[in-house]
Every structure is written in C-alpha cells, then in structure tokens.
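What follows is a pair of complexes built around chain A, which joins chain B in one and chain C in the other.
Right, the complex of A and B next:
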C-alpha cells in the first residue's frame, strides 16, 4: 500500500566546500510519499530550502535509473541504503517507516574528497581507468563483430564484470577505503577478452600503481564491497586480479 | 606477504598441536617428552624455529604497515555506520585479534620456550616440559589466559584461512566450498585442541 503522509527526519552532512568543516544538520520532511525515490525526497526538501532562501543540499545524480553510477549517499550507515543490489536513485521511501530518522553522509575516503555536502570528487576512478582500463583499437573501419571468437562462458564472466557503474560504493563500504572491487572488475573484464590481450600485463600493474597513488587502502577481504555493490560485482574478480598481478609481476623485465 | 606468512604460521600450528596432543596419551608425558626432545634438539627443527620467528616478525610488521596505510585511506570517519550489515565482526578485527594472540604468545613463550632455551644454553639440559605444564596450568588465571588466546586464534583463523587463498588468487566455484569448510574445521580443531590442554591439566585429567 502506498502512503502519502510519511514524516521523515533527516540528518544530512552539510559542508560548504572542501576546506570547510562539515556537520550533520537535522531537517524534517513531511508529506513524503512511499512511492517517492530517495532522491525525490531530497528534491522536495531542496525545493523547500530554496523557497526559504536557504542553500539547497548538493548531491550527485544523473540518470536516476541505476545505470550511470553518479548517485552516492551513505544512508543509515550503508552505501546506497539498506537494500542490496540497488543504487540510491532506485531506493524508495517504502523501504522506510513513517517517523524514521535517516542519517545521510557522503562517501568517506581520502581519495574521494568532499566537494560540497554529499558530493565527492571521484575523478580518482577516472585516473585509474586512464592508467590502463582501455584497449587499443586500429583506426579505419570497425572489424566484423564476429571475427573474434569468444566462448559463451568467458563472454558471460566479462559481461558480469563490465556491469560495474563506477559508483564507488565499494570504497565507501570498505573499512580500508579500498578500491579493489572497482579496479578488479575492469582488470578482469579486459583480461578475459582477446581485445584486452595486448595490454594485459601492463594494464594490471599500471592500474594497481595508480590505485595506490590515489591513496586507496588495501583489500583485507571483509567482503563488504560485494555485499553493498549495486551491480553484484563479485569478490572473485579481486582474486582474479591478484592472479593477473602476480603473473605480470613475475614476467616484468 | 600476510597470506604467505599466515599460511606458514598455520603449518606451524599443525605440528605444534600434534606434538602437544601427545600429552593425552596419559603416560606421564613420556611420548610427549620424546617428541619434545626431538623438537628441542634436531638441527632442522632448530633452524625452522628461526624461520618461524622470522615468519611471525614479517607477519606482524606487515600487519602494522598495512594497518597504518589503511587508516590513512579514511581520514574522516562516518558519523553513523552499520558495518554489521555487510561484513562479519571478526573479518574487520584481524588486527585486534592478532594483537591478543601476540600478547598471549609473549606470555606463552615466557612460560615454556624462553626458560627451556635459556636452560639449554646455560646447562645444556632440557627442562621437563611436562611437569612444567602441570605446574603452569595449576593456576586458574593462566588457564583463562590460554583459553582467551585460543578464542582469538579461532576467530583469526576463521577469517585468515580462507582469505589467504583469496589473496593469493585462488577463488574458484569448484574449490571455494572446500576451502571454506576446511577453514572452519581447521579453526575449530586447532583452537579446541589447544584449549583442551591447559583445561585438562588444570582438572588433573592428564598425568
């Protein structure tokens, strides 16, 4: 049953800019519909704040359909909130009760500095991808799609790894702010496909080096990343990346 | 390095538990003394002992370095976090559990290893470790410390055994259940076996 009159108390992290000290501030939102998405509730609150002449809460979002990876809220102690396999934009207020108090914070990691309020800078991920998460393609006509045979099994595994949307929930969930799930998803995807073969060894070394340079922590195998990943990326990718890494290290000149 | 040294320490545990279990022959420690003598004098074993100490040192130093690095990766903590929703408490407490094990190890070494080696160096004689065990474990607080040490070891192994394979890149749907179950069985057997020694000595079940 949908409800139209939920009263929600929000404790939201407010921080003017990267340098400023932030703090949790309390807001009351009335007349919340259980059919609203979590972000729509923020739209309602921001609308109210703007009409009151106050600074609206900055938060990241784009597609609002769970595919872009922009939304990034740490809700009641969990990235993307209490549900599994769901981004913040796909979380609905029916997952909460009338009268609930909800704490909302930005992702916390040295490598993800807060820009404003709930918005963090995730360009560290872009730099890791730029360091090796690509394949080289010749210019000219695209080659025939079926020219390279790939087994169904490998294609499926590569596809499962390619589902990562780069949201950073894995980093946010990890007690060490480790980016291993994200990095290993890309390393695994490309290492399984013939297109990724030419850069296979330099890729894993370069991406791992960039990951460390960005200040992410190390993987300690708690499994929190996998449990919180909205796309169900498996930690088996991390083991796969470790294998790729050892092989590349041993072969390095 | 954590995984390699951890697995190495695990092999040590197997040997150590096996030899100590000889006390359960209830022959006044005769079988145990035989093997303890072998362990205390054999050249290969004495060399391995140095490797073992090195194994511990590398494991601990690496743990400290990693922990420092990982703490630095999140300078601002969450105001409210619910980590139990996505991970087990012991997987997040390897450092704490390891520290308790380390404290226990220091006490443990002071009870047996250090006095015995000291005696060997000064008089050339080994101590009677069996009667020494009986003395040591006649105090209830010593038994409590040992059981607490085994408890920490249990949880450390519950996480460490299986994740060492993951760290080394061994993760396969066919073998994962095996690794997991052997890890659980190993953690239970080793900790219960070790804990049973001081307990049964305290209650005079072993003589």
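Right, the complex of A and C next:
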C-alpha cells in the first residue's frame, strides 16, 4: 500500500568543491510518499532549500530509468542503496520506513574526485575505454551482418557483460577502489565475439595499463562489486579478464 | 514569401542518393586535417557523426552536458532499430520501409530523405555488428527480428529491451577510439550556449564549462547540432531530466528555421503518473505490444470495482473485456502506430473506462501469449496435458527472456508484479518529430550549421514509427553527414581557422554572460522547477494529445504570462563561476518558455489533424485524424523575428507514394 506522510531524516555529504572540506549535514523531509523515487525525495528537499535561500544539494542524475548510469549515491553504506540490482533513481521510498535516518555520501575513490556534494568525476572510465575498449573498425562497408554467425550462447554472454552502465558502483563498493568489474566486463564482451579477436591481446593490456595509471586499486576478490552492481555484472568477468591478461602477457614479444 | 531550397537531387527516388554520392565534392585528406568540425551532443547521431568524421581526417570537437558521452539519452531507447534487411523473407525491401515510414508519418515527410534513410538502414546493422554490438540472435547464430507498430513485416533488430544502450555504447566506443588517437577532443560537462556567426556563416560556439562555470570560445568550420528533441517542454516526458532544446533554440534565434514544432509524439505505453512529486515518466517499450493485448472492461461496474481495488483484472472474464485496438483496427490490432494507439486509449479513458484511481490507465495484458508460449515450450519438451498453472509458468520463462528488464523496471516503479497482474499503462510525451529545418544535406538555413537525429525535422513527418529513431540517428551520423558535409566544406578549404579573439566571438560571449547575469539578477521567490511544471501543465492540457483553436489561443497567452512571471520571480541559487545545476536548469527552462509558445502557434496555424497533431475540429466520423492536403501539404518552417515568427512553407511532393487517408483497419 502506498503511504503519503513518511518523515525522513537525511544526513547528506556537503562539499562546496574539490578543494573545500566536506561534512555531513542533517535535513528533515516530511510528507514523503512511498511511491516517490529516492531522487524525487531529493527534488522535494532541494525545492525546500531553494525557497529558504539555501544552496540545493548537487547530485548527478539524468535518465531516471536506471540505464544512463549517471546517478551515484552511496546510501547507508551501500552504492545505490539497500536493494539489489537497482540504481539510485529506481530506488523508491517504499524501501524505507517512516522515521528512518538515511546517510547519503558520494562515491568514494581516489580516481573519482568529488566535484561538489554528491557529484564525482568519473572521466577515468572514459579514458580506459579510449585506451582499448573498442573494435577498430571504421564506418564503411562492413560485411553483411549475417555473414558471421555467432551462437546464441556467445551472443547472450557478450550481451550480459555489455549491460554494464558505467556508473562506478563497483569501484565505490570495493575496499581497494578497484575498477576490475567495469574493465573486465568490456574486455569479456569483446573477447567473446569473433569481431574482437584481432585486438584481443593488445586490448586487455592497454586497458589494464590505463586502469592502473588512473589510480584504481587492485582486485582482491572480495566480490563486493558484484553484490552492489545494479546490472548484475558477474565477477566471472574478472576471472575471464585475468585469463585474457595472463595469456596476453605470456605472448608479449 | 521566401522559398526554401531543400536541394533534393534530380532523378528517380531510388537513384537520388547513389547519384548524389557519385557527384558530391570530395576533399583532399591533407585539407581535411585543417578543417574543424564541432559536434553538439553525443547520442547516436552525435557520437556516430563525430567518430565517422574523425576517421575521415577532420579535426573534431564534441560537447555534451553529461559527465560522459555514454550517458546521452539514446541510451534509454528500449525496443529496437529498423532495417530493411528482409532476413525474415517476409516481403521487406527499401521501398516497403520507405512506404511504411511515409505512411506512418501521415504523409508529412520529405520523400527523398525518407528513401535515403531506408536505403542506408541495412548498412547500419552491418556496421553495428562489426563494432561488436551484441544483438539478439537465434540458435543458428543468425540475427533475430521482431515487429513494431505500423508495419506488417519483422524488421526490428534488438538487444533485449536495451537496444539503445548497446547501439550507443557501440558508437561511444568508436568515438572514444578517436579520442584515444587524438582525432576528437571531448568536452564532457560542457553546454553550448551560443552560436557564433561571422559574415553570415556559422563559425563556432560559446560553451560553458559546467564544472568551473567558465565560458569558452570554440571555432569550427562547421557545427553539427545533434542535441536531441524538445519533449521536456511538457515537463513530464520519457526524456532524461537534462534533455533540452537550448542548443537548437540558440541556433533558431541566430537564423535557423524551426520546422513543424507541433509534431510531438505521445507514446501509448508508459507507466501512469503516480503523484504530484512525479519528475519524469517511464516508457514501457512498444515491443511489448508484440505479446501484450490492450484492454479495458466493457462494464462500468467492473471499472468501479477495479478503482476501489475490490476486483483484480484477472477476475474479469474474457467476454467482459474490450480489446479496443483489436476491435477498431482488426488488420493491425495491438500494433497500430503510436498516435493511433494513444488516441484510442484517451478515448476509452475519457469515456470513463480508465482502470486506476485517476481514471487514466488501461491494461497491457500478457496472459494470452504467456499461455501460447507455455504450450509451445511444453510441446517442445514433450510434456502433454500439463495443468494450466505449469503451462503459464513455462510461458512466463519465455516472456522473461524477451522482456525481463522491462518487467523488472515496471515492478520497481509501481510495486506491482506484472508477471501476475497486467501492466497499467497510459500515453506520455516521448519524441518530437519537429525540429530544425534541414535540406537534403542536413544543413539548416544557417550556412555551416547542420542538424542531425531528433534535432532535425526531416524523416518522420507527423508521426514516427517505433524503432525508427535509432535508425535515423545512426543513418545521419554514420552514412549521411560524412558525404553531405563535403558539399559545404569543399568550399571552405581556403578558410584558415579563425582566431577566437575575433570580435564576433567576444560579442557572443558577452551576450551569454549578460543572460547569465540577468538570471541571477531576478532574485525572485520561486525555484526554476516551479515554472517548468507550470509550463508542462499548460502544454499537456492544451497542446497534448488533443488540441483545439480555443485551447491553443489560451495556451499562448498563458505561456506569455508565465514567461513574464519567470523573469520577475525566478530564484537561481549559487554562483556563476561554480558547478551550478540550478543555473543550467534556469537557462534551459527560459528557452522552453519561448519554444512552448511556438509549438502552440504552429499547432494553431495547422488547421488539420495529422499524425501526432490532432485538432479536435478536424476528425473523421470514426474519430481518426483528418488531413487537409489541399491547404496543409507543406512543412511549416518558422523564422525567428524577435517579437514574433514568420512562416515559410516547403511544399511536399509525393511522386512515389500515392497520398491517401491513412488506414490501419
């Protein structure tokens, strides 16, 4: 049943900019409806702050349907909050109770510096893709799409890895701030497909090198990334990437 | 009245593009390296154009307001992408796709552009597969297809309910490859706020770095607007929160004509509004209509019982259900085009048959096909005489594989499990067919300024068919602009890069600065969102699914008043030289407040009904859209004139398709 009068206490990380010192601040939000999304509750709070002449809370969001990967709140110690398989924008207030206190922080990782409040800079992910997360094919006369049959099983596995939305929850969840789940998902997708074969070895080496250069930590196989991934990207991708990586290292001339 | 030159090549429609490509001017690779192109937006159109142009050797800069080019709203497209591959041997061809698109658009699009779109559609699939886009496949390894509304063939390629995501990540990876090679400079968290004009040509932009707040000047020999549609003028829509008209609107005010703004698409299957806090609406893919049947009860007492939650949908017997699309449109049934399906839902709800408390919802029910799939699965595995519950369980497995992510999303948003009870859906604003007027080259009326993808008006007429937006975005970016831009840039090889110290850049930057200062100077009492919501209410009530002259006149004056109120009472918090989302929103809403008036003006001016533009005064006896081909067989291209707009008309010529009353019966 929906409820319209929930009272929620929020403790939110406020930080003016990258140089400023941040702190948790407490806010009360009344008349929260259980049908609201978590971000709509923030809309209500921000509306109130603006009317009071205060600075609204900055947070990243765009599609609000769980696919763009922009929203990124660390809620009660969990990236994207308590539900499994759900981004912050798809988390609804029916997952909370009247009177709850909720702590909201930005992603925490050296490679994701804070821009303001809950907004962080994730451009490191783009640079990792630019280092090798592609198949080098120019636009032009590619061969007929059905000239290269790919088994349904392989296509499905590649798709499962490609479903990553690049939100960075895996990094935020990891005690080492490792980006292995993100990187391995792309490596796996492209290494499973025949189109990715020619660059298979250089791709994994280049992407891993860029990942290290960005300051992400090492993977120690705790599996926190998979547990918090809103798209259910499996840690088996990491095992797959490790095999790809070692094979490529051994073959290096 | 000025005439618009659409620059359609000579010859029969199926030869135009081939002939054009054979004769368009080419540019020496050494000269390409000195030609700079600015791309605004990194969705399917922007990313594919930027990557393709960089591959050709042009110097490219890409701007997007999101934190990464991968976030553009193309990512949220669900159901699929059309292509005339005829892999299913069901009679598809370039001509069929062309015909379906022109008919689907209610005969208000330009034949030559649509034919070209159909012609390049097959290459798009080839290109995407070569990039590693994991489309759905059959067990034999071949690509899988499904049907979308308004067509009788299976030509839609898909990747579960995440086709847009996979296509965009493909284009994004091609873009990032060029970034890695230094051929593209990427400017994320940047917003274009002005076009720079020098001697009547577009020569660059002013952009704001959204993190530092600094204004930047960027020169380009050409500028490509790939900035998407303007559906957020309705506040509630399926667009992303940040989707906006600002780039296109700034261009419009610098001389680019805005075409057919009243052609807005209301998508029939979205999750209904749940309360006043609602910030956006969520689409349930059109692909669901492959297997879902739409209905409302036949009896008012059942409606009452549903609204009071005394009855569940599953308790209403078959004979008491009105499958109104199947009843009204037996030939296309649940797969009629979007405009037709939306109006039919509104008709039933207006007649008092809406199935939720607000009276604005209909059922999308998967029971019939779940059972059908269950029976197929049972037969396949050699089970006979299984109880119905087990058959349904098997069927649910098939439905899950096809639409799992959509069912999960529905449950997450509504709290109701759609595997057990039918979905409740209602129409919502989704896409805008109107946009900047472009010629065959995709150039606007401003020399050197192009518009691609949803930002232009060219291919979908008055109504877009499902799975055609992705097709158009990628067609424009991968296969059209790489050729057509040569027609202009070949005349620019002697133009050296212009210094951004030029007076025109300084002036443009100054005007942007003044507008920002003006927003802060209001120091009013109402947040930006308040005005956006109010605008949305006016637009939805008076310029939404059904429009009439009186309502549109009221809307125009209400929007003018709201715009005045905005400039007297808006409150923009924070500072200009910092990360400030409220300032970004304020600028965008200020532009929507101007565009909204033009949308209503265009709707008022077009005294006919066509596609998504439904004027209550002009309908057939059966309530279908009634066109007036005598008077309105033209593209309405509006020129900005400060206080008002001037209308220019591009007559539409149908030489290959016989223009007719659209029928899906």
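Throughout what follows, the second predicted complex is superposed on the first by the 250 of 253 C-alpha atoms of A that agree within 3 Å, B and C clash if a C-alpha of one lies under 4 Å from a C-alpha of the other, contacts with A are read in each partner's own complex, and residues count from 1 in each chain.
Basically, a residue touches a chain if its C-beta (ideal position, glycine included) is under 8 Å from a C-beta of that chain, and two chains touch if they have at least 3 such contacts.
Computed from a predicted structure; not experimentally measured.
Q: Which of the two partners, first being chain B and second being chain C, lies in contact with A:149: first, second, both, or neither?
A: So A:149 only meets chain C here.
Q: Looking at the overlay, does A:67 come into contact with chain B only (first), chain C only (second), both, or neither?
A: Only chain C is touched by A:67; chain B is not.
Q: Would you sort A:105 into first (chain B), second (chain C), both or neither based on which partner it touches?
A: first
Q: Which partner does A:52 contact after superposing on A: first (chain B), second (chain C), both, neither?
A: Touch status of A:52: no partner.
Q: Between chain B and chain C, point out the one touching more chain A residues.
A: On the superposition, C touches more of the residues of chain A.
Q: Should A:189 be classified as contacting the first partner (chain B), the second (chain C), both, or neither?
A: second
Q: After overlaying the two complexes on chain A, where does the chain B footprint on chain A coincide with the chain C footprint?
A: Shared contact residues on chain A: none.
Q: Chain A touches which residues of chain B in the complex?
A: Answer in residue numbers: 66, 69-70, 72-83, 85-88, 91-92, 94, 159, 163, 165-171.
Q: Under the definition above, what is the set of chain A residues touching chain C in their complex?
A: 2, 16-17, 33, 35-37, 39-40, 43-44, 46-47, 49-51, 53-56, 58, 60-70, 85-86, 90, 92, 94, 115-116, 119, 121-123, 125-126, 129-146, 148-152, 155-156, 158-159, 162-163, 165-166, 189-190, 193, 195-196
Q: So in the complex, the part of chain C that touches chain A is made up of which residues?
A: 48, 51-52, 55, 66-71, 73, 75-76, 85, 87, 123, 125-132, 134-143, 159-160, 162, 164-166, 169, 172-174, 176-177, 179-180, 186, 188, 211, 240-242, 274-275, 277-280, 282-283, 408-409, 412-413, 415, 478-479, 482, 525, 527, 529-530, 571, 573-574, 578-579, 581-582
Q: Can you list the residues on chain A that touch chain B in the complex?
A: For this pair, the touching residues of chain A are 11, 13, 24, 74, 76-78, 82, 103, 105, 108-111, 173, 175-178, 215-224, 227-228, 235-236, 238-240, 242-243, 245-246.
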